[in-house]
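In what follows, subunit A forms one complex with subunit B and a second complex with subunit C.
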Partner chain A sequence: MALPTLNKQLQASGISRRTFLKFCATTASLLALPQSAVADLATALGNARRPSVIWLPFQECTGCTEAILRSHAPTLESLIFDHISLDYQHTIMAAAGEQAEDARRAAMKAHKGQYLLLVDGSVPMGNPGYSTISGMSNVDMLRESAKDAAGIIAIGTCASFGGIPKANPNPTGAVAVSDIITDKPIVNISGCPPLPIAITAVLVHYLTFKRFPDLDALQRPLAFFGETIHDRCYRRPFFEQRKFAKSFDDEGAKNGWCLFELGCKGPETFNACATVKWNQGTSFPIESGHPCLGCSEPDFWDKGSFYQALGPWERYKSKPGKGAQKHAGKNS
Partner chain B sequence: MEKTSSNNRLVVDPITRIEGHLRIEAEMDGNTIKQAFSSGTSVRGIELILQGRDPRDAWAFAQRICGVCTLVHGMASVRAVEDAIRKAWRSNAKLGVAIGKPSMTSMPKGPMQHGKKGHRQSRTPIGVLSEAEMAIPQNAQLIRNIMIATQYVHDHVMHFYHLHALDWVDVVSALDADPTRTAALAGQLSDYPRSSPGYFKDMKQKVKTLVESGQLGIFSNAYWGHPGYKLPPEVNLMALAHYLDALTWQRDVVKVHTIFGGKNPHPNFVVGGVPSPINLNASTGINTRRLVQLQDAITQMKSFVDQVYYPDIVAIAGYYKEWGTRGEGLGNFLTYGDLPMTSMDDPGSFLFPRGAILGRDLSKVHDVDLDDPSEIQEFVSSSWYRYSGGNTSGLHPFNGQTTLEYTGPKPPYKHLNTGAEYSWLKSPRWKGHAMEVGPLARVLMMYAKKDAAAQDIVNRSLSILDLEPSALFSTLGRTLARAVETKIVVNQLQSWYDQLLDNIAKGDTDTFNPLYFDPTNWPIKGQGVGVMEAPRGALGHWLVMQNGKIENYQCVVPTTWNAGPRDPNSQAGAYEAALQDKHTLHDPDQPLEILRTLHSFDPCLACAVHVMDETGEERLRLKVR
Partner chain C sequence: MTEELIFMTSNAEKTGNVMPLLHQIRHALSQLIERQEQTTIDLRRLPLSASEEAQLEAFLGHGEVKADIQALGDTVLIESRYAGVWLEIHYNEDVEIMGKYVHICTCPPIIKSQPEDMVLSLSNIVSDIHSLSHQSSDETAKED
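Now for the complex of A and B:
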């Protein structure tokens, strides 16, 4: 599905070329551009192909936004200058208040059915007053913004699965995006936060191929969530040899042995930290010496202590690649 | 959406370029703010979620309070748990009794500790501990300081360029800049090697292409051309170039967190030390390769602060001196102190001192006691919570309680009922005073305590700008103080790294004290405070643990101090007071002036909103309207 240009949309909407040029002249003067820029502006606008992206923040910590700011391939700045038009993003947008909400509604109207909706944070269903933006409840803003979206990307474990607000006892009745919106394509990019490259890769995939990539049973892109951390962990040989760190900073830890007995959740966690790593491939939690928390899995907050071993070694020894099999054949 | 309406009420919601959900309502007298009301509009309840958990897990939950100042809550949490355990050990030492149970059930299975700490774990119970045995290893303290300092430098630079700069820098005006003159100007300010005409020409072209595309994206619908923007086109272009450079720079220097904590945002911590072992002869953990990367990041941080961030702040401030006369607010300042040279039990060794300043009086720094129930208290008379003893009295965090009770208007709403409850934030007070926390409070505290480095850089900055010290008490002063303390911290960073190298050279590679991590060494009941100076100000976590579980967990957070609503005595919070200080808007439809002053505090709302309760099941008495 190729995106129609503005020219085609204007024709379809019955807006004349003359009206459009007048708009361009007004815009040029508002931007203090020379009159000669009007023609350029009209050409560029008419051929505008940077798809509109709207990012809604609900019950979130802004860690997911910080994550995409760490993306290095592509960088956020190359995305927003060259590939997408990020028309609503609280953390970095210049406009505030009424002008911010106007920008969101204008983008929704101008790119009806075409824009991508990104969401971070869970949505509280316990009371509409638990989380509002511009006086509007999160659930209302999600429904309003999702209605004319081409698709939705839930960024982070909170938007994907409810995340920490949903952790026991879930004080605000927090739910995931997919619990509310059921009639749109949704990709979940879980992780607390997600790997930045997983976010940008899904965006680039969509921009390039005009559709979302293949997903696992939890609607996560297979390219990043097809295997467990354990499947690809560089410490896996020590696991097989039953060489474990028993405590932080003991001989096993100093030698880089397996962190399974310190509670590593790698064998049950689907994510690509062990392969693409964090912050330009610098390291990932296990490499730095800390067990995996399992942060890309639903309800990982309520699966017992982070430092409690998953179970007997034999359970994971006998089924290497268990995780990859768990989701095989269930791609949506 | 609803902005102006009846009763001269101005509403700005969402406040963007901050962390979280903040709403400002203002009673206007013409174009001048008469009364300002600050509201946090989103709640998650993380402290409730923490109850009943393993105290060793708490840091991971607490850290998710905020992903911008992404390590501060993890750090405060680990310190709170360690403080609770250590306090119990000490009181037992005074009594001369042993702590711990003669049980091996939860001891690590398999071979005991190798190395020199092994003898400690072989004792059950552990007996009376010496101070040396209780210590968090010095390497762990240094690594924590390096991580905290990195957070400061990273956060403050990003705050200025990506959250605050567009209040002062007009993106569209940069299109009129002459790249050659811009390069000449930048060359006068510092020896930043990228300041060439070609670099600024490319940057101008980038902005031009964006503007001419007609799709301004994050820059759309802003206040470009507002007469409040005073910078010449060349300064606008330079600042915009540095906006983009800072994006690249922050991705690189944040690797300090990745090396020690595995990732950023949300690096990992561990109660008792740090998770990363030091072994120069291993292919993993902290080895020579990692040390080289660390030095590289530290050098990059210092270069950028010295060559770009600090000179930009001073240069831009020179065009906005009138902002040194407004936006002061309270004149009361509070710090808990941080960055210990020895340990958190030794406030005298902190780089940032602890104290309180009242009514601008720098001649007297008051002592602050974190455990005294009469000093730090939180009030909920203007908040959507209920205290069982009534909403007029304050509670110390160790005795805090909260029941969520939303009494605001049913969404969608136009206005909050600012005469009653209007925020998910509480109102913290110190001895009854509303206090400002953050970079300005810290710089003033150092200044008042006659810290030579701080006095030197403050005086030099004021002298370049030809401003009186009184200009510090303002919107401009807050933004300047942030740059001043960044310089102080980035200078210190190298010395902590050098100390770490010295220790390693001497053969000391300890990074973890396992006594803290073993529940058999914990008290049946204990309580502790973990404090730190987060980039946005004084942060405290108050923890009560019993039978190995968290019984109560409470955070009093910088933005709660600054953004909180009015208290029972109608005292305004810091944001409210600052907005009430000489804010006349050129055009209420374009509330640029409000954004300037709010952003000077660097709001962090997810941090500020929290829910807490001492015990029990009755805490969730929801009142849905």
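Now for the complex of A and C:
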């Protein structure tokens, strides 16, 4: 069953070509593609078939789903997300139980080898009964759904690295998607929750180039995870000058000084919050005076106190791109 | 078309990138005149502090043309006081800047009517004329 092209889909929704070109220009910019590629991107993306997507929510808090679905539609950022064929997502779909599972299997059959699998949440391996859908364990559903998928997008830190369910002592034996599925292209879009625009951009890249974008060693898209929060933090000049807030209400905090000594994990955290920001671009945690928790990194929950400094200042002083090199360079 | 990628930061540090950028714009303008070669500079792709960004915009200034486009959020196009040098800013519906570019060209592509939109327009205008003519003939019939 061939789904309509995105061009047809957008046209039917009254989205003008000009709006689509604007979307392509800003997405190319986010993906670090040259602006000369925008016309080609618009042609390839417009002619791409509306993708069939199966979204499996496993052991999760629904924060990832909330982050993505909260943006009011249609928005420039969610233009593509609004036009995918979301054939299964049991948290939000009207169907339930066997009816929902029938819809998932029907989509898998109709789009064999072509559908994308989105997963949020980790998979409990200790006792598969800890998390089941329609009586089926998460691991069985993942294996069954991944078998004929073209690729998998692991959304959020839980699906990417195990996340909070995996936190010590990991009572459910939680693991990441990539611990189970090893024979499919997988992109990890970590973050607790992840940046919705990174998901859109990865979908655009996949639909346009028929492959996932360049990834770091943790399988995260380099365009969003190539630099640390610290690399792009507006408080960075204060860090270099060793001007630190020592408590949440001292003079340093009032002056907007660096939060390193309050436990900021920005120097070791790869994500694009400092540039993309949250809540319709309002701010990111450091702008609200709170240190970065490092939520897009593996085991962030178990790395000591959120409010304890990472280490001596000298270790992190003026080493822009240090971490980017640490994780750089893996292609999908 | 050539382009340079420039990253924007919100910090107050001076990156020293304004002068090289202005020289690049000057060079691109001469390329446009001599070889009709267009250039787009993506201002998200090189460090520029907020004050340097303001300095760049103040230098470019406003020329004769300013256009507002409404396409899932505003897009503002300003021809700078240097003909052929345009500033393009894409906003989303929350008035958040999604992209900012300097185009060195005769007319930024986004302002042109797009062939796909024109095809749809043609069918719309045909049906609107059709309805109008029906409406007028109904009114004439009523008057009779």
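Just so we're on the same page, the second predicted complex is superposed on the first by the 263 of 332 C-alpha atoms of A that agree within 3 Å, B and C clash if a C-alpha of one lies under 4 Å from a C-alpha of the other, contacts with A are read in each partner's own complex, and residues count from 1 in each chain.
Everything that follows uses one rule, which is that a residue touches a chain if its C-beta (ideal position, glycine included) is under 8 Å from a C-beta of that chain, and two chains touch if they have at least 3 such contacts.
Note that the structure is predicted; figures quoted are calculated from it, not measured.
**Student:** Is A:Asn255 contacted by the first partner subunit B, the second partner subunit C, both or neither?
**Tutor:** first
**Student:** Does subunit B (first) or subunit C (second) touch A:Pro237, or do both, or does neither?
**Tutor:** second
**Student:** Count the residues of subunit A touched by subunit B and by subunit C, then name the partner with the higher count.
**Tutor:** After superposition, B is the partner touching more of subunit A.
**Student:** Answer with first, second, both or neither: which of subunit B and subunit C does A:Asp87 touch in the superposed model?
**Tutor:** After superposing on A, A:Asp87 lies in contact with subunit B but is clear of subunit C.
**Student:** A:Ile164 in the overlay: touching subunit B, subunit C, both, or neither? Say first, second, both or neither.
**Tutor:** In the superposition, A:Ile164 touches subunit B alone.
**Student:** A:Ile133 in the overlay: touching subunit B, subunit C, both, or neither? Say first, second, both or neither.
**Tutor:** first
**Student:** Where on subunit A do the contacts with subunit B and the contacts with subunit C coincide?
**Tutor:** Touching subunit B in the first complex and subunit C in the second, residues 32, 72, 75-77, 280 of subunit A appear in both lists.
**Student:** For subunit B, which residues are in contact with subunit A within the complex?
**Tutor:** Contact set of subunit B toward subunit A: 1-3, 11-21, 23, 41-46, 48-49, 54, 56-57, 60-61, 64-68, 70, 108-111, 113-115, 158, 162-163, 166, 171-172, 175-176, 206, 209-225, 244, 247-248, 250-252, 254-255, 257-268, 270, 272-273, 275-279, 282-285, 293, 384, 404, 406, 408-414, 509-512, 514, 517, 589-591, 595, 606, 611, 620, 622, 624-625.
**Student:** Which residues of subunit A touch subunit B in their complex?
**Tutor:** Result: residues 24, 27, 30-33, 37, 40-41, 44-45, 48, 50, 52, 57-67, 69-72, 75-77, 80-81, 84-87, 89-103, 106, 124, 126-138, 140, 163-165, 167-169, 171-172, 174, 192-193, 244, 246-251, 253-256, 261, 273, 278-280, 282-290, 293, 295, 301, 305-307 of subunit A touch subunit B.
**Student:** Which residues of subunit C touch subunit A in the complex?
**Tutor:** By the definition above, subunit C touches subunit A via 1-3, 5, 8-13, 40, 42, 44-45, 69, 71-73, 75, 90, 92-94, 96-99, 101, 109-110, 114-117, 120.
**Student:** Can you list the subunit A residues touching subunit C in their complex?
**Tutor:** Touching subunit C: residues 7, 11, 15-19, 21-23, 25-26, 29, 32, 34-36, 39, 72, 74-77, 79, 232-237, 274-275, 277, 280-281 of subunit A.
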